[in-house]
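Structures given as structure tokens follow.
In the two assemblies presented below, chain A is common to both, partnered first by chain B and then by chain C.
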Partner chain A sequence: MLQVQEVCYSYGNHRSWLRPRSEKTPVLKQVSFELERGCCLGLLGTSGAGKSTLGRTVLGLQKPDQGQVLFEGRDLYAAGGRIRKTLRRDIQVVFQDCHSSVNPLMTADRIIGEPLRNYERLSARESKRRTGELLEQVGLSADDGNKRPDQFSGGQLQRINIARAIALRPKLIVLDEPVSSLDRVHQSLILDLLAELKASLGVSYLFITHDIQAAMMLCDRVAVMDRGELVHLTDWPASLWDCEQTAVKNLVEAVLPEHPGGRLALL
Partner chain B sequence: MIAVCAGVILLFFLVAIFAPWIAPHDPVKVDLVHKLDGPSAQHWLGTDHLGRDNLSRLIYGARVSLGFAFLIFLSSLVLGTLVGALSGYVGGRLDNLIMRVCEGIMAFPNLVLVLGIVGIFGPGLMQVLLALMMVQWVYYARICRNMVVSLKERPFIAAARVSGSSSWQIIRRHIIPNVQRPIVVMATLEMGWAIMDISALSFLGLGIQPPNAEWGAMIHEGTSHIRSHPELMIYPGILILIVVMTFNIVGEALSERYGVAKR
Partner chain C sequence: MQETNVLEVRGLRVGLKSGEPAQLLKSIDLSLGRGRVLGIVGESGSGKSLTCSAILGLLDKRAMSVEGSVRLNGRELTDLPGRTLRTIRGKEIGCIMQNPMNAFTPVYTVGSQFVETLRAHSRMSKAQAREQAARSLESVNLPEPDKIMKRYPHQLSGGMLQRVMIAICLCLRPELVIADEPTTALDAVNQLQVLRELERLKTECGTSVLLVSHDLGVIAQMADEVAVMRKGEIVEYADVHRLFDDPRHEYTRMLLQARPRIRKEA
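For the complex of A and B:
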């Protein structure tokens, strides 16, 4: 369904007459992978490994310097205007920072209704009914629709972000560290919700995280990134525990034990 | 306090709008027999050196002062916000160009620049209006641009784009509502300045032309009688003071309530 082919991207200063030579830092080096329908691919890596940049590239927000992103066989960046908008409909996102992922001045109904408004002509009542359904689907009540973001907790806001992401029944959702800003309890609740939605909607996930345990819980396949390169790809996430690769080992060793004494047992 | 001030502002605007019905006399009717009269039942605030009714001139003067200040405020607000939003949203070379132009305009003291522009186009209310607008929009543009630049990086803009909103829809739904409050606060403070500027230019004889009434122009006409009849200058002076002060108090209160930093 999704094919990422040899994508390269560098951040850098653009050239100007004051700065004749541009300095560029590569963040993605020849990254390639595929993602099938209904599958969840975990994208693991430390901060600065290029995970989020890859996520933005898949979302169509950042044109890669080289390489292609194909969604159902069509290049995401070659298409213009209207075709791009229809392609985009099937790829949605949940960002890490739940508070700044929502416009503070909008009600939950308007936040969740935004994608619906962009693609479908709905009457005010129909739109209200649909957002109410979506709110219930993510474990909130339809009455919450009139509240504004400052009246929700972090976990509830992340549920609203998820509701917005599933509103258009997309085929792929990019989850960019969706639970990293939440406490442990809400982390597992949100992960449960995501697993449940995946089963009921048949949606694929690109799950970007640095938390190897969260990845184990949700993912069918796991890719590990290190300094802009895809260093490890496996169809069997549990095999990561005894992988010899340095980048993978670092992630495994960073897992906190339930008890300080448990650290040795884990390794 | 804010309610009282807002009430005062509203009152001034009502007086300006309904001037022809409120004013007891024709503001430009010369009556040399009764020149420089003191307060009387017929002329509550006396008459000026040409026997024109002071109260009526003050009431009609509010029309010009407030009306044109409002026009300047509105046009520079709209122009500045649009240009600033565009500059911040598009970024790159356009942003660079627009910001350098703004800085160029800001580098001059306002009044000097306005005097220069009026000097080129000649005195008159329309010219003053244009000149002040050309000077004031940059402050709105600059503030708006900076807010847009910081808003643009927020994830909800990216989320809106992913959910299929076009640039125009993003500007309309997400950017403009979020810059509205600080801009309104700033505009209230700017309004006081606009009134001061108009009065100052009329005082210098560059704005409204005689015999029309305007507060700054009235102060100017009063200067020749400053020893015998200082009230000719004091009345319009007090009105300018009250209006500018109320606008500033409202602006301060709003900025405190919304936690907005002032320029």
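For the complex of A and C:
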């Protein structure tokens, strides 16, 4: 469904009179992978590995310097106008920072209804009914639709972001660290919700995270990135525990114990 | 034995003065011995960070009422004037904040902020301070300290800034470090590195650490004792092994079960 072929990208492409001699920093080096329908691909790596840049490229927000991104066989960046708009309908996103992903002045109903208004002509009553359904689908109540973002907690806001992402029944959702800013209790609740939605809607995820345990809970396949390169790709996430690759090993060894009896030697 | 505790908090209560009167902290008691780590866990909004601010005397007295006693090495902090408190903060109580990006001023270089902090607390020339700062940055495994000193905060990653903050603590050798969610903004690999530096601060300088976190992994790794907070109250206060083996409060049990952790089977 999604094919990423030898994508390269570097920052510092845009010279201006302010920065006449900006250096190029390569962040994606020849990255290729494929993602099938109904599958969840985890994208693991430390900060600065290029995970989010790759996520933006897949979303069609950042044209790669080289290489192609094909969605259902069509090039995301070559397509123009109308085709691009239908492609975008099928690829949605949930970001890490739930607060800055929503307009603080809008009610939850308007936030979730925005993609519906953009793509479907609905009467006010129909729109209200749909957003109510979506709110219930993500574990909130339809009455929450009249509240504004400051009346929700972080976990609830992330549910609203998820409701907005599934509003148009997309085929792919890019999840960019969706649970990293939440506490443990809410992390596991949101991960459960995502797993449930994946099963009921048949949607694919590109799950960007640095948390190897979260990745294992949700993903069918895992790719590991290190300094712009895709260094490891496996169809069997549990095999990461025994992987010899340095970047993977670093991630595995950084997993903290679940019990004080299993403390890591720090010094 | 009471005298040996670095930090003694007794009956700390914080309430809102304006608007609807609300009790934010309900009689908090904590004690922390030398070279030990006290973990505070709890969900967001349970009053963990408020407790830290109250201990540091950072709460706005016009908006909030603070009662109770906070003793550092037996010295009462709550009725000290602001000027004296300023000399204690940094020198005797170090502070590591959750968001390193906000803890530094964006318009000055890291080096100048480092040097300023050192010179505020001890008499030394700029050159001396700069030299000590560079040495300290090197000791937290930051490469090329001279280059880092000339950088602005936005040019460093979150993990690097957090280590700069720990380097400042290492220089001033405070008796108590309050670390409020020191690794929450970091990825797992950087988290481990920051915990390593905290551990070193503890063993090398004998510093006591008040470690606030919602991550039970961090608590299991670092803490000697744990206070579990909920809605402004401590619901369970116990040795870390006791807490994980035999959680007595319902809320603690829920926290421990919150996430089925997936590990490699031995």
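Note that the second predicted complex is superposed on the first by the 253 of 267 C-alpha atoms of A that agree within 3 Å, B and C clash if a C-alpha of one lies under 4 Å from a C-alpha of the other, contacts with A are read in each partner's own complex, and residues count from 1 in each chain.
Here is the rule we go by: a residue touches a chain if its C-beta (ideal position, glycine included) is under 8 Å from a C-beta of that chain, and two chains touch if they have at least 3 such contacts.
Just so it is clear, the model here is predicted, and its values are computed rather than measured.
Asks: Quick check on the superposition: with chain A as the shared anchor, is it clash or fit for chain B versus chain C?
Replies: Taken together on chain A, chain C would fit alongside chain B, as the superposition shows.
Asks: Vertex at chain A, arms to chain B and chain C: angle between C-alpha centres to the nearest 10°?
Replies: If I round to tens, I get 80 degrees.
Asks: Between chain B (first) and chain C (second), which does A:85 come into contact with in this model arrangement: first, second, both, or neither?
Replies: first
Asks: Quick check on the superposed pair: does A:2 touch chain B, chain C, both, or neither? Answer first, second, both or neither.
Replies: After superposing on A, A:2 lies clear of both chain B and chain C.
Asks: Identify the partner contact of A:254: answer first if only chain B is touched, second if only chain C is, both if each is, neither if none is.
Replies: Second partner only, chain C.
Asks: Give one of first, second, both or neither to describe whether A:134 is in contact with chain B, with chain C, with both, or with none.
Replies: neither
Asks: Between chain B and chain C, what minimal C-alpha to C-alpha distance in angstrom results from the superposition?
Replies: 15
Asks: From the superposed pair, tell me which chain A residues show up as contacts to chain B and also as contacts to chain C.
Replies: No residue sits in both footprints.
Asks: Which chain A residues qualify as touching chain C in the complex?
Replies: Touching chain C: residues 46-48, 153-154, 183-185, 187-188, 210-213, 216-217, 238, 241-242, 250-251, 253-264, 266-267 of chain A.
Asks: Can you list the residues on chain A that touch chain B in the complex?
Replies: Against chain B, the touching part of chain A is residues 14, 56, 59-61, 85, 88-89, 91-93, 95-97, 100-106, 114-115, 118-119, 161, 164, 167-168.
Asks: Would you pull the chain C residues touching chain A in the complex into a rising list?
Replies: 43-45, 157-159, 186-192, 195-196, 199-200, 203, 214-218, 220-221, 223, 240-241, 244, 254-255, 258-264
Asks: Going by the contact rule set out above, which residues of chain B touch chain A in the complex?
Replies: So the residues of chain B touching chain A come out as 92, 154-156, 158-165, 169, 173-174, 177-178.
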